Each structure stands twice: as structure tokens, then as C-alpha cells.
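Notes for the one structure printed next.
Chains: A, B, C and D, in written order; residue numbering restarts at 1 for each.
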Amino acid sequence: MFDFSNILSLPVLVFLPLVFGIIILMPFFPNNDILIRRFAKGCIIFHFIYALLFWIFYNNGFISLYAPDWIKTLGISFGFAMDELALVFTLLTTIVFTLAGIASKLHIRHGQRYYYALLLFFETTILGIFNASDIFTFFLFWELELIPAYFLIAYWGEGGNAKKSAMKFILYTFLGSLFMLSGLILLHYFNFLATNTLNGQIGLYNLDKVSPELQVLISVLLLIGFGVKLPIVPIHTWLPDAHTDAATPISMILAGILLKTGAYAIIRFNLQTLPEGFKYIAPVLAVFALINIIYTALVAYAQTDIKRIVAYSSISNMGLILLGICSMNIIGLSGAVFHSVAHGLITAGLFAVCGIVLLRCRERNINKLGGIAAKMPRLFGFATVIILASIGLPSLAGFVGEVISITGALASELNDYTKFTALFALPVLILSSCYMLKFLHKGFFGEEGECKPAADIANHEFVILVSIVVLLFILGCFPASILDIIQNISVTNGAVVW
Amino acid sequence: MVNDLINIFIPHIILILTIIVQLVLGILKPYSLTFKYKDINIRISNIVTVIGIIGATAGTLYSQGDYAGFNYSIIVTSDVKALSILVLICGLVSVFLNTNLLRGNRQGCYKYHVLVLTALLGGICALGANDFLTLFISLECMSFALYFLIAFPKGYPSKEAGFKYLITNAVSVAFFLFGVSYILGLTSSLNFTEITQIFESERCSIIYAIASIMIFIGLGMKLALFPFANWIIDVYAGSESSVLNLLSTVPKIVVTGVLIRLLSGVMGFNTEINAVILILGLITALWANIYAIKENNVKKLLACSSAANAAYMIIILAVFSSFAASAAVFYLICYVFMNMGAFAYVNMIEPECKLLTLDKLSQTDSKLNAAAFALCCLGLAGLPATSGFIGKIFLLYSLLQSGLILLPIVLLLLILFTIGLYFYIKLARGIIKTKQTAIHHHYKILNSFSRPVLLLMALITVIIGILPFNLLARCILLFQ
Amino acid sequence: MSEFFTDNLIWVILYPLWVFLLIGTGRLFAVRMSKKLLTLITLTGSGLGILFSGGALINILQSGSKEFVFTFIKIQNFLIQLGVNIDKLSAVYLLLLFTISFFIQLYSSSYMSREPKYYRYFGYLNLFNFAMGLLLVSPNLFQIYIGWELVGLVSYLLIGFQYTNPLKSTAAVKAFIINRIGDTALLTGILCIIYIMWTYSVSEFVTLDFSDFNIISSIVYAHTNNFTFTILCLLLFTGVIVKSAQFPFHTWLQEAMKAPTPVSALIHSATMVAAGVFLTIRLLPLLTLSKEILIFIVILGMFTALFCSLCAICQNNVKSVLAYSTSANLGLMIAAVGFGNIDLAVIYLIVHGFIKAALFLSYGMTNNEYTDDTGTTLPPSFIIASFALAGLAFAGLNCKELFFETFKQNTFLRIEFLLTAFMCAVYIFKLCCKYPLAKGKRPHAREQISVWVFLLIITAGTFAVYGSQLGFPFWTAFAGALTAIIISIKAKECKEGKITQICSEGFFIDKFYSRYIYSCYGKITDIANKIELYISNNKFLVSFVKAAVFIAGNIEKYILDAAVNLCAICTKFASRELEHAQTRNIQTYIAYGVLIAGIIFTAILLTYALVINSLGGIG
Amino acid sequence: MLNNIGIYHYLVLGLILFLTGLCGVVISKNIIKILISIEFMLTAVNINFTTFGLYCKNLAFDGYIFALFYIAAGAVELAIALYIFYAMYREKQTSNIEDYGDV
């Protein structure tokens, strides 16, 4: 029998979109917008199916390692590997990119050739982040992702300040990633000092001999980089601007996946590689997570721009993920991963809804919207389900993630304060329902606003929303589907060992 | 002995011969009467120079082994050879970009070639210098050529630029020599090897510290380091792109090479110099990056980029180790290629606009050119998939390797990188046609070589960015 | 035979969910089934529900409770199970739920027949049945929470059913958010218990099953100090307070009045508010461990009863009065549970459920959503149900008697109960007197059937409730007297037709009363009314949240964002200054150079001087 | 009297000349004066070199040679400066340094 796992190659998985993107850019490719769009969509869907194969043929301990030498002098390789964690995030990435690719149809009117090429390039960079097995490969993709992200935000943005927001985004993230780079370098160097081997593989770091103070220092440096992406509160201000001004498909990707790279990186590095140092930071970080959760929920309520509300809700939800990670146990970790996936879908859905509203009404001020439910009942139905998922209604995905993350923090063995933060995080359920229902209430309910939507959702939008809603139901009712994948991660002594 | 000498001095000899050929051709003008084709003298002199430089490069590659000659006043080792080749490559690229410049002065084109070749000769001599006298003469040789080169294009701005460069250089050379004179007084020698031996055994005095710092200041001017940094903006703004291509690469390579040598021996015995290097480097980087934020002139932006990158390189040298030296050289190589790519693009669009501002950057008929330019700019900013990214990693690695004391400086550097990214992004996005700049200028590119040069430089940038190991390994080998 | 009902009850509970999904997907794909078919499917579900839960009740009375669970989430020792647990309590509740919802659906099919969103409405009703069913059969606390949230969601959807009306959609949001507060408190409590059990329980998994809730309670009690335990119980009980519309969270029930009348009937009888009592009964093993908590429960219940009765008197709108009356009666039930008299609470819940449903449905027969106070008319069935609610006849009478018996140990409570019951009569008859009897309009047969079936059940209940032994029927005697008075007034009113006079004079012939006691009483109601206004606007909470939002928004805008912008501005400013410094004059540059070089040399000389000084001079 | 003149006198003279030259470069407005000031600095360096050539016994003749080279180099430098200045002067007809800041 033909063994399918033979065709599953990580470099192909990562670079396939890039190749497609280059094909689109090639001079021989016909300069026909419809053709380009269909081709790009086909590529993204094909890639999604390819990623699905990884899931289907995944069995325990399946780590496909591909690591040719890259910078031999430092023992660095251009390595890719996939484990449970990467698999989950890879699937999420391909799903959200598929949705975003479909959503681009009506939102992107000019420069389609470059747009789709950049979109595919963007996918490659993000998959690279999730599947890199070497710290510098990881960092390469981490920074590489800035380039497509910048141009996608700046040149296809919906807001008037798209260029400014994109610049804010790239400067913020770049600075953060440089901090992270110093952390990575110190990690690499001290590992070298401790073990006398030059090693770049994330899984092979052993810093037992390095003093906890140094580990804390490295952890903090890394966290500044990850914290910008995640984002953690005082360094989050790029996010609302970028998410608001980007085109809808890009907002979907930014909120759906880009933020998750931060969560993934914290799990990968702080939790997996530097558990000793992270032990000291986690309780403090839990407080930051709490601030994230409560503070941004309040800020979200104060917003009038629909996309801004969703953007702040993302930060709030990322706080929950961070809280799960900070618990440093398997429950919190599972919660964090699960909520990453759930929130990735939810927020993509929310932005898709915002995009549809923007397209139809040409209005983003919530006070001027209204009465959409009567005009667009189908959109209303989907929007309600997605919003309910985002406020954590049982039977939808958001609930499971929230509950597991908070339970994890409650079960944390670090110290008592972490447990308290878990309890104090719970009121977010109330606050999130406040701002999200405000969105529903003011945007969809009530009498007709100043703008009158012409038609209900189109077929391709229908496909996007249906797939999101179905996935949310499946994840909400059968959370085991993802939790089982993460189960293999075992916990010893508060540290995660792969 | 003589064989060895010739063996080692093949590149110098070839360059000198080429200069002579150029002079002869320029003065006798044997072909101007017989041919109607008016660009013929430009073409022929170009070909001669190219052959000369390629010959010199081949000669450098051909010569084997290390050598010290002329009473230890010139030594040739592998690092000298490597940097000499880099210098020659830069000269070659500049020659390929010179068409716009020479069309304005068809009769005097041989002068240009003589000057370029002189500058290159001075550069490779300075790289091998093991003696302050040789160093001084070689550097002056290079500088004199550069004064003329800057002032070579027609029109007033180039003259002013040349004059400013000259004045600043004269003052900085005075500083350099003042320092050298004290070193002479302290050691009674001008030879690097002897000086090193003396300082290894003696307790260093304040005079020594001050002399080293004066030497550093004098040399730093050529890298546009503070205290003498401000000239770079004005000089770049007034110069022509092919000259800038030379000006922004050759003195940098030479001075970096010289500094590596001096810091490993002559100047390397006091701690003050390291602090001063760090401080001056940081001030320069800070100044250049912040100055660039509001700047709109592409050449001035590239001047800032030049100053900032030189400063980063110098900061690496502040923590002197073999790893740091190779990191600096690697950074230098990466920088040189990206920089030449950027200037090739500028060379392409320069003839059309008197004042090259950001909104005119998109005026090219090929999107590939624009993309290559953007790539070079992003590379200069240190974004990945370019050589600048690897360079940046090594820069930070060598700084962090020397201990956590430098961590605050590293953090400051990170902020500088970020500020720098702002203007590099401005440059890179200048290629995108917006509504304001959408007026199409379908003009013929005057210089048929700038496009291949640009694409080649972009390609090298990407190749080093993706597959750096070979080059890196070589850099590391240089300083072991 | 009856095993069959118990085993397959799960399908009956899931059936409404499928109906809901069927309607939902049908709507999405724009496939329509006929209204008749839809009604039939829905009614079949409820009908089967009655049959199966009845059968299951019989089965359970014979053979004990049934449980069936499956794993929902399992991570290490964190296990959440869902399933079906049918015991006496849940079977009774299910029977009540399905009976009432069957007739309300029947009623709705005519009441809502002209509604364009008929399908959506029936979808929501089905979802309501499912959510409540899920809650009632939950084997553990966690599933209760899930049902708890879903019930809140459906009530939100139904209250905001006429979403084009901003008032109604606002009311829906308000109701949902208040519910959410309770939900969150409940979840917090649940998680706390899970945490305590993790730490101290010997068993590997913590499932919070009701079947071993006694053990859980004892473990929790043993390992917490008094304060923690009280807080824990209060957290759990807050969920009850909110859902059962107890003081101070009873205001959402007022908002819920914006829902279509049949929905109000459903919320007030068998679904939302009933869930609170259900949970209190389930939690009783835990709550009984602390005497203070029990006392608190009783006091809160009784206080709500009194307070909401007072509020009800101030109201003129029929639905508002009924809503306050629900809170008041639920307060009585909660107090009864607090007293440990579960049977009474359940019996009264059933009786009250049917009475309230009958009242609402009667009201709905002659009035619709848009009827204002002046146009309100009441059908005769409303008057009959009023007698039951006031405790003057039918099952209501018996229940009040039972309450009177229960509270006999405590005179104070007895008096308070009397007062409450008395006020209940006052406000409900105030309505009967204030609004004229409906004439002319003849309601639809389906609506009439529903109402009369409820009334029939209440009447039948009169005999059913007489199971326990009672002492001297104080309340019956009192009620008899009260009935006489009421009838006399009713007669007077019918004769004179002066509604306003009756309202102002109250129900008492005595002028002395109307002059002194009534004014005193009026003051009390005024105060209650003021408090009520304050709470119903949620002033404290809302202003707190608003302030927080305001502060957070401003921090975001003026501190965090501004800090970033300030960095940018500073850099730009520095850039401009540097540009000014770049004078284009070569001399200036050299001057800068000389200055910087001078500074460096001075610094070095100074360092040397200091070092030499500290070393004690040269040599 | 003259016998008391030692190495330090020469060095201090060199330093003073150097600083004078530096001040001249910074202060004078006339370009010719600036060039003369540069010559001052050159001379200061030359004084240093010749001094060390004179006083360092074990030195061959490095100092003098350096001075010679430097004199030659300075002359070339000055020539170039004058050439460029002349080219500029044709444009502006002024020798005030402040007028040459157009780039």
C-alpha cells in the first residue's frame, strides 16, 4: 500500500505557498484579476488539504525533522520539525488563511496580483514560525513575517491611517523581536557555556546548569518580543490600530493567527526551554494576563468602531491564553492551546462579520449602524453565534477554552496568587458579554441606521461563516478532538517536557 | 625574495600599469580621430580599467601565502587579501555605474579612471600597511583621489561637496598624525609590530590613551564617525551616485581593516579606547538614525544609512575578539553589497531628477528593479532573507558574547535598529506608485549596466541571507 | 415498561435541540416548512416530553434514580462529564416543564400566528426546552452551569425577539448581563469546589456528581475555614439569586416583561426562575453545613417576598405586577428550601407555575404587545387565577396553608408571611379592579384551551396538595374572611364602576384604615419604590462599570497610546533639531567635532586625574 | 638660556600651534584663512615629528622622513583645495565660507 506519510514533507508544507506566490508574480502568469484570484484561492485550499494530511496521518510522537546546516559556525541549522503543538497551530493557520483567501474577493479591488502573492508569502512565514525546530530559523520567519504583513496592512488597508498603523505595527514588532533576538542569542550562548555544544535545536536545550537569575533575564528578554505579538498590555497599542486599518481578510489573519504566534512562542521557549526561569516570572506574568483580560475588556466597551471592539476583545482573550500558559501545568497549557484555536476562529469570524457590515453599510461607527438584523437575517444569525462563542457560551468553542485556561490557572502549583488571578479573571465573562452584546445590540438590533445594507451575504461569505460556525460547534461540543492531540504533552515538576 | 615581492605586489603593479595606460591613452587620444562614434573613448577607457581591476583581483587571488616586506612596512595576510578583493570589487562596480558621469565629460574621462584606480591603489596599500608612514601615505593617496572624484562631475554641488570633504579630511588627518607623533615619541618607532611589542611590556600612560583616541578620531572621520560625522550628509547630497558608490564602500572597507589591525595591537592596550569607540559609535548611530527620520532626500537617507552601518560595525570592534572581528568583516561585506545595490538603483533614476526625493523613487519602468532596490533597503534595515539579517545576528551575538555588561548597550542598539527601520521602510515603500507619483516616466535607462548591477547585488544579498555559511566560515578563518 | 421511559428520556430532551437546528439550518438555506408542520413537530416534542417524564417519574418512584454519563473534557485529573441523571426531583421538574411548555406552545401557535418571525420564535421555544431539560437532568454541577447559561441565552433571544424595537433589545441585553453576573458567580463557585476537591479529595477525578454530593460537601466543609466556606456558598447562591430573581437582582425579570406574553409565561413558571429553586435544592447538602447560610437564605427569601410585594403594589402595569409577584413567590419558595421543607417548595413551584402561566396567558388572550395601560382588559380566567394566586381558592389556598404551617416555629416569619400573602391579595385584586373585564373580543380556541387546562390543573391540585397533615387551618380561616371582603368589594365595584375610588380607598371599608394605616403603608411602599427604582436602573453597578470603562478608555487613549506617540513625537522633534544643527556650513561641523573631541579628552583627563588621586598620586 | 629649551617646550609649542590651527579652522570666515589654519595644524604635527626625531636617540630618521612626507602631502592637499576652491569661486565670487552651503 502506498504510504502517504512519504509525501508529507515539512519544507514543502512551509514553502508551498511561497512557490505559488512566486508563480503568480511571474511574468508569464496572465494579468487577469479573476484568474489570479481563483488561482490563489485554489492554492490556499490545496495547501489546506495538504496540511490536513498531516493531521490525518499524524500518530503519536510523529516528528518530521528536516534540518540541514545553515550557520555551521554556531551549530545552527535550517530546521523544521512538527509536534503536537505545531500541528494544531498549523491547522489553524491553514484554516484561517483559507477563510481569509475566500474573504478577499470583495475586499481587495486593486493590485490583486501583488496582494495574493504577499498573502501566500505571509502564509509561508507563519507556517515557518510554527514549524521551525531551530531558534534562528524560528527567528528568521518571525522577522520575515513583518514584510508581507506591513505591505498588506499599508497598501490594502481600509482605514485612512493604514500606512501609519502599519508603520506602528512594524516598528513595535521589530523592536520586540530584536529584544527576543538578544534573548535567543543569550540562550544559545549560555547553553554553549553550560554544555559546551553549539546547538540551535529548540528541543535540545539544556539550561539546568545555568543559574535561575540568568534564565529569568533570558525569559524576560524573550517575553518582550513575544509580548508585543501576543500582546501583553502596556505594549499592545499597535494592535487596535493595525487591526482596525487593515483590510478585513488581513485583520482576520492578524487576529486569528499572528497573535497566536506569540502564545506559541511563549509555550515553546519560556515554558519548554526555560522552565526554571519561567517559574519565577509566571506569577508576575499572570498578573499581567489579568490586567490584559480586565483592562482591555473595559477599553473595548468604550470603543465605537466595530473593528476596534473586536480588536480589543482579541487582546482580552489573549490574556486568557496567557493566563493558561502561566499556570505551568498541563490543564492550563491545554486550555491555552485550545483557546488559541477557538479564539483564532472566533475572531476571524468576527472580523469577517465586521467586513461584511463595512462593505454593505460603508460605516464603522457603531452608533450610526443599526437594524442590520432585519435587513440581513442570515448575517445576523451567524453573527449571533460567533458573538455568543466569543462571550463564552457553553456548547461553543470559546467556553471550553476559557474554562480550561482558568481551571488550569486555578490548579497552578506556583503560588497562591496565581490562583487568585484565576478567580479574578472570571468577571471577564460579564465584561465580554457587555461589549460584545453592545456590538450586537447597537449594530444589528434597533431601528435602521443611517446606512441601508443592500443585500444579505453573498455565497462566498456564506461559506466562510458557515465553516466558522460549524467548527465552533464541533470544537465546543467535542473538545476532545483537539485536547486529545495535546494530551501527549506530559508535565513533570511544573515543567513541560516533550 | 624578488619573486616573492613581485608575487605579492602583482595587484599593485597591475593597477599602476593600468593608470599609466590610461594616462597614455587619455593624453594621446589615438582613436578620437579615426572613429565617429562619440562614446568610443568612454568605452575604451572603461574596458581598460575593468581589465586592470580584474587583473588586480586575479593577482590578489593568485598570490599565495603571507608576506611581510619593505622592512616590515607592508604585510600581506589572508585578511588583507580578502579585504583588498572587496575593495577591488567595489571599484569595479563603480566603474560599471559611471556612464552618466562620463557622458558629461567625454574628453576627460581618463582622469576619472586614473582617480578611481589611484583610490583603489591607495586603499589596498593602506590595508596592507604595517607602518604609520605607509598607512598615512596610502590613506592620503586614496583621499586625494576621492577629493577629485567627488568634485569631478560638472556643476557647483559636486565642487562644494568635494571641498567639504577635503576640509574635514584635512582636519581629521591632522588629528591622526598628532596622535601618531605621540606614539612615535612614546615608542621611538612607527612600525606596528615594534610598537605592539613595546606596549606589551610597558605600562600605558595617559599620553598613549590620548594618542590612540586621536588616531581613532582621525580614522573615524572616513567612516563618518563622530566627532567628524556631519560632513557625510552634505557630501552625499552633492555627489554623483557612481562616486558615492565608491565613497561609501572603499574608505569603509579600508578603515575597518586598518582599525582591526590597529586595535589588535597598536591601540588595543588601553581600556579607554574601547569605551570611546562604543560611545562614539552609539552617538553616531543615534544621530544618523534620528536625523534620517524627517529626511526626504534619498541620497541623504543613504548617507545616514552609511553612517549608521559604519557605526554598528565599529561598535562590534569595541569588544575586540577574533569572533567580533570576523563578525565586523562579515557585516561589512553584507553592507557593501546592499549599499551598492541601492546606489545602482539611484544611479538608474538619477539623471531624470535634479533633487532625488522619496516620491521620485517609483519612477522606473521595471518593477523588478524597484523590488530589488526595496530588497536592498530592507537588507540594510536587517530584515530577514537578506544578508543584513545574518549580519545583525552576528553583530548582536558578538556583543552579547562578551558578557552581560554590554546588555544595556545592546538594548540601546535595538532601539536604534528600530528607528532605522522607519526610514528604511520609507525608502522601500518609495518604490510603490501611489496616486501622487503615478505619472509614468517611460524613459530609457541611460546606463545599461546599472540594471544588471542592481539585480546582481540584490541576488548576492539574498544568497548571503539564505546561505551564509560559506562566507561566514571564511570570515571566521580570517581571524583565527 | 416504564424503564423504557427513563432510558429514552435523553432523546426526548435532545429532540427540541434537533428541531431548533432543523429550523435554523432551514432558515439559513432558505428552505421553509409550513407553519402547521413546524407547530406539529414542536408540540410532538413537548407531548412526548410529558409522556416520557411522566413515565420516568413513575419508574423512579418504584426503582430509584438513573444515571448515565460520558466524558466531555478530560485532561489529567480534570474531568468534566455530561450526561443524564434522573431522580424524583428532576422527573417532577421535567413533567412540569413539558406540560407547561406544551400548552404554551399550543397557545403561541395562535398568538404568534401573524408574526413574520414565527419560525425563529418556535426555534427559540424549542431551544428553551432543550436548555432547561439539559439543566434538569444534569448529573453534576458543571452541566447545570451549561444549562444555566443556555437558559439565560434563550431568555435573551426571546426578550429581544422584537429586536427592531430598541427598548426591547436594550431590555434583552440588560437581562442577559444581569444573568451573566449570576452565571459567573456560579462558575467561580464551581471552580473553587473543583480546586478544593483536587487538593483534598482522595479520588482521582473530581466530577462534582450530585450522587456523591454529600461527600463533596463534607470534604469542602472540612477543609475550608468558616469565612471561605461562607464566601463559597454565597458565590454559588448568587447564581440562584440572579436566576430566581431575588433581591437585589430581581430587576431583570422586569426587563423580561418585554418578551412576548407566552414567553413571559414560560419564564415565570417552569423555566428560568424555577432553575434557581432547583439548584438550591441540589446544593442543599452543602448549604446545610453552615447555619448562617441557611439563615441568610431564609431571610433573603422572605425579604424579597416582602419587598417585591411592596413594589408590586406600586405598579399599575399588569405584567410588571406579575413579575414582582413572581419574585415575591420565588422568595417564599427559597425560604421554604432554607427551612428544609423541600416538598413544599416543589409543590408551590408547581402550583405557582401553573397559576402564573394561567395569569399570563389570560392576559395575553385579550391584550397584545402594544396594549398600553389604559387599553388593558382582563378576561374572566384572569380573575379566577387571581384568586388562586392570592391564596383564596384552589391549590394556592392549600399551599399558603402549608407555608403557614412551615413557619410556625418563628412568629416573626409567620407575621411576615401573613403580610406578604396579604399584599399578594392586595396587588392582584387591585389589578382585577382597576381594569375592566374583556368584552367583545373572543380569543382563539387554542389559547382558551391552554388557559383552562392550567386552571383545571390548579383546581385539581387543590385536592392533590391535601396530602400532609395540618393543624388548625389559620390561613384558611383568614382567607375565608378575606374572600368575603374581596367579593363584597368586587360586588361594589361592579355596581358603581368606580375603579379609581376603589384603588384609592383600597379594599377596606373602614375609613380609619384608609386615613391612618394606609398613609403609613403608602410611605413604606414609596420607600420600597425608590429603592426599587435605584436598583432597577442598576445605578451603582452601571455607574461603577461606566467609570471603570471611562478610566480604562482614557488610560488607553491618553497614557498608553500617548506614550507611544510621545516617543514618536520626541524622535521627530529630535530629528528636526538635528536637521537645524546640520547647517550646511562645514565650519559648524568641524566645530561640533572639536567640541565632542574636547569633551572626550576632558573626560579622559578627568578620569585619569581621579584615578591618580585615588591611588595617591603618581608613583 | 637656550640650553634650557627641552623636548617639552617643543611639544607645547606643537600643541599650541595645533590648537591655534583648530581654532582658526573653526573661527575664520575666509576660506584662505581656513586653509592657512590647516597649514598651522600641519606645522604643529611637523614640529612634533621633528622633535621626536631629534630627541629619540634610538630612532633612525623616521621622524624627519615623516615630516618630509607630510610637507609634500600637505602641499598636494593645499593644491587640490585651491583648485576646488577656484572652481567654486567661479560660481559664487566670494571667499566667505558661509556662502558655500547650498547643497
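Quick note on the criterion: a residue touches a chain if its C-beta (ideal position, glycine included) is under 8 Å from a C-beta of that chain, and two chains touch if they have at least 3 such contacts.
These numbers were taken from a predicted model, which means no experiment stands behind them.
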item	value
Contact-richer chain pair (by C-beta pairs counted) among A-C and B-C	A-C
Chain whose Cα centroid lies at the greatest distance from that of chain C	D
Most centrally placed chain - per-chain CA mean versus overall CA mean	A
Between chain A and chain D, centroid-to-centroid distance (C-alpha), Å	65
Interchain centroid distance [CA atoms averaged], chain A/chain C, Å	36
CA centroid of chain B to CA centroid of chain C, Å	77
CA centroid of chain A to CA centroid of chain B, Å	43
For chain D, residues contacting two or more additional chains	22, 25, 34, 100-103
Contacts with two or more other chains, residues of chain A listed in rising order	none
Multi-chain contact residues (two or more partners), chain B	163, 167, 171, 234
Touching pairs - complete list by chain label	A-B, A-C, B-C, B-D, C-D
Complex contact set, residues of chain B against chain C	163-164, 167-168, 171-172, 175, 206, 209-210, 213, 217, 226-231, 233-234, 272, 276, 279-280, 283, 287, 290-295, 419
Of all residues in chain C, those that touch chain A in their complex	24, 27-28, 71-76, 78, 145-146, 149-150, 153, 157, 160, 163-166, 169-170, 172-173, 176-177, 180-181, 183-184, 187-188, 191-192, 194-195, 198, 545, 548-553, 555-556, 560-561, 564
Chain D to chain C touching residues, read off their complex	22, 25-26, 34, 97-98, 100-103
Residues on chain D engaged by chain B in the complex (per definition of touch)	11, 14, 18, 21-22, 25, 34, 38, 41-42, 44-45, 48-49, 51-52, 55-59, 62-63, 65-66, 69-70, 73, 76-77, 80-81, 84-85, 87-88, 91-92, 100-103
Chain D-facing residues of chain B, complex	132-133, 136-137, 140, 144, 147-148, 151, 156-157, 159-163, 166-167, 170-171, 174, 177-178, 180-182, 184-185, 188-190, 234, 237-238
